[in-house]
Amino acid sequence: MRVFSWAARVYWEDTDGGGIVYYANYLRFLERARTEWLRSLGHSQQELAQMPGILFAVAALSVEYRRPARLDDELIITCEPRNERATVMRFLQHIYRGSAPGAADDLLVEADVRVVCVDKRTLKPKRLPDFLVDALEL
Amino acid sequence: MRVFSWAARVYWEDTDGGGIVYYANYLRFLERARTEWLRSLGHSQQELAQMPGILFAVAALSVEYRRPARLDDELIITCEPRNERATVMRFLQHIYRGSAPGAADDLLVEADVRVVCVDKRTLKPKRLPDFLVDALEL
Amino acid sequence: MRVFSWAARVYWEDTDGGGIVYYANYLRFLERARTEWLRSLGHSQQELAQMPGILFAVAALSVEYRRPARLDDELIITCEPRNERATVMRFLQHIYRGSAPGAADDLLVEADVRVVCVDKRTLKPKRLPDFLVDALEL
Amino acid sequence: MRVFSWAARVYWEDTDGGGIVYYANYLRFLERARTEWLRSLGHSQQELAQMPGILFAVAALSVEYRRPARLDDELIITCEPRNERATVMRFLQHIYRGSAPGAADDLLVEADVRVVCVDKRTLKPKRLPDFLVDALEL
């Protein structure tokens, strides 16, 4: 399955008093890439949010922080959907520094994120909409 | 009219790479004090958000940043409602460092915030609910 | 003086429970545009942060919120430097929705932001570096 | 080892357009509890940040999101240090809704967070300061 990638810049808002990106804020970069992956399929977050009867929520994630990102860094965030259950979107994601993702030195963050589709009323897992099942090649 | 005050601590999440609180984040502290002022009247933000037919939005604000707040600082945020139009909640707010608000040295931020009540459909200004008119002594 | 403009997208991270961009978060968009204006002059925030003996801080701002931005909106943020004192960078800034800034309907936010240059030790105002004085045509 | 716990309130700033706490923002709550655990030992984050020659960084985390937190919720965040290597602080953390942590219904988030101590220059792992080794009963 192809790897989608998206660029973002580090601004003051992203850093903390340690001079590096605050650990929670990498999760914002990760979501921007997932959102843009969705948009590359012709769909928006707003559209997912308004689907009748279902909602999407991050169910679990794990993150390894390898090197810190700093003010003014340009980041490349990747998003690689993985086969999982028909109720879950699973993404392997990486954040690299600079325009040359792939260089071992530039790998800042590795993440594994599971987004689950649930019934709005019962909160029980529900099958993903077809276009997502197709996109994820489930 | 009495001045309401609320304490908050500065954490890593609030600071930026300059080692001080990021300029947008003082607005979060200001809103916490307005929310707790509301709670001190026996009402919640959730309750305001669910009022049928109306919604509340910050319409304007001005902020003067006098001294920076730093990691681990304890802040006192004040909230002083002011007479204004019957469609607007206006608050003068101050942020002090430490437990002795009033000392000139400790004044970090002064703000003037206007929250407007509008019709959900037309977005035209609407009269505030009675309990807020009473609280604001309009 | 020319108006600089910069585009940004609204993601989940920017919104609040009201379904619109949280009022403090517009200040992050405003700063991104100021940072990119600086970069367009060939300078970075990191460079300003490392200038010996001086530092830059937002001293005051006023914001008028005209219309809310929503999830998935594309924003255009402008940044128009203004003549002011030799120790202050003043910016008039606007946030528009969509790719056609100028349409009255699309004006979401107006802001006036003052960034002051101060002596690192005494915190007294200091003259801006020459390249900024030039850029601001003071 | 005893479990430390800390209370926090959910404000507008923490929520997103889905009406629940934004997934990255739970990490801010988690850090507040770790910071207050540190303070309960008589030490501050500022003090850690200024230790000569070493720095602390989150190296890895995993989070399971069980139920969403909403506007106005009061949260209890726990922080349970665990034995690990002498260069790592590991914390098991839980976020509960309300004042009765322990009720299965109220468990919102489970997290496992590793903070590593490294040499400031070489970024190689370094032994934690003695007071932390003692606190962690390593």
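Note that the chains are named A, B, C and D in the order they appear, and that numbering of residues resets to 1 at the start of each chain.
Please note the rule applied: a residue touches a chain if its C-beta (ideal position, glycine included) is under 8 Å from a C-beta of that chain, and two chains touch if they have at least 3 such contacts.
Please read these numbers as outputs of a predicted model, since none were measured by experiment.
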Chain pair, B-D or A-D, that carries the greater number of C-beta contacts: A-D
From chain A, the most remote chain by mean C-alpha position: B
Size of the rotation, in steps of 5 degrees, that lays the CA trace of chain C over chain D: 180
Gap in Å, rounded to a whole number, between the CA centres of chain D and chain C: 33
Euclidean distance of C-alpha centroids - chain A vs chain D, Å: 22
Between chain D and chain B, distance of the C-alpha-averaged centres to the nearest whole Å: 28
Multi-chain contact residues (two or more partners), chain D: 12-13, 17-18, 20, 24, 28, 31, 49, 70-71
Contact graph of the chains (line, ring, star, complete, other): complete
Residues on chain A engaged by chain C in the complex (per definition of touch): 9, 11-13, 28, 31-32, 35, 44-46, 49, 70-72
List of chain B residues in touch with chain A within their complex: 12-13, 15-20, 22, 24, 70-71
Of all residues in chain C, those that touch chain B in their complex: 17-18, 20, 23-25, 27-28, 31, 49, 55, 57-65, 68
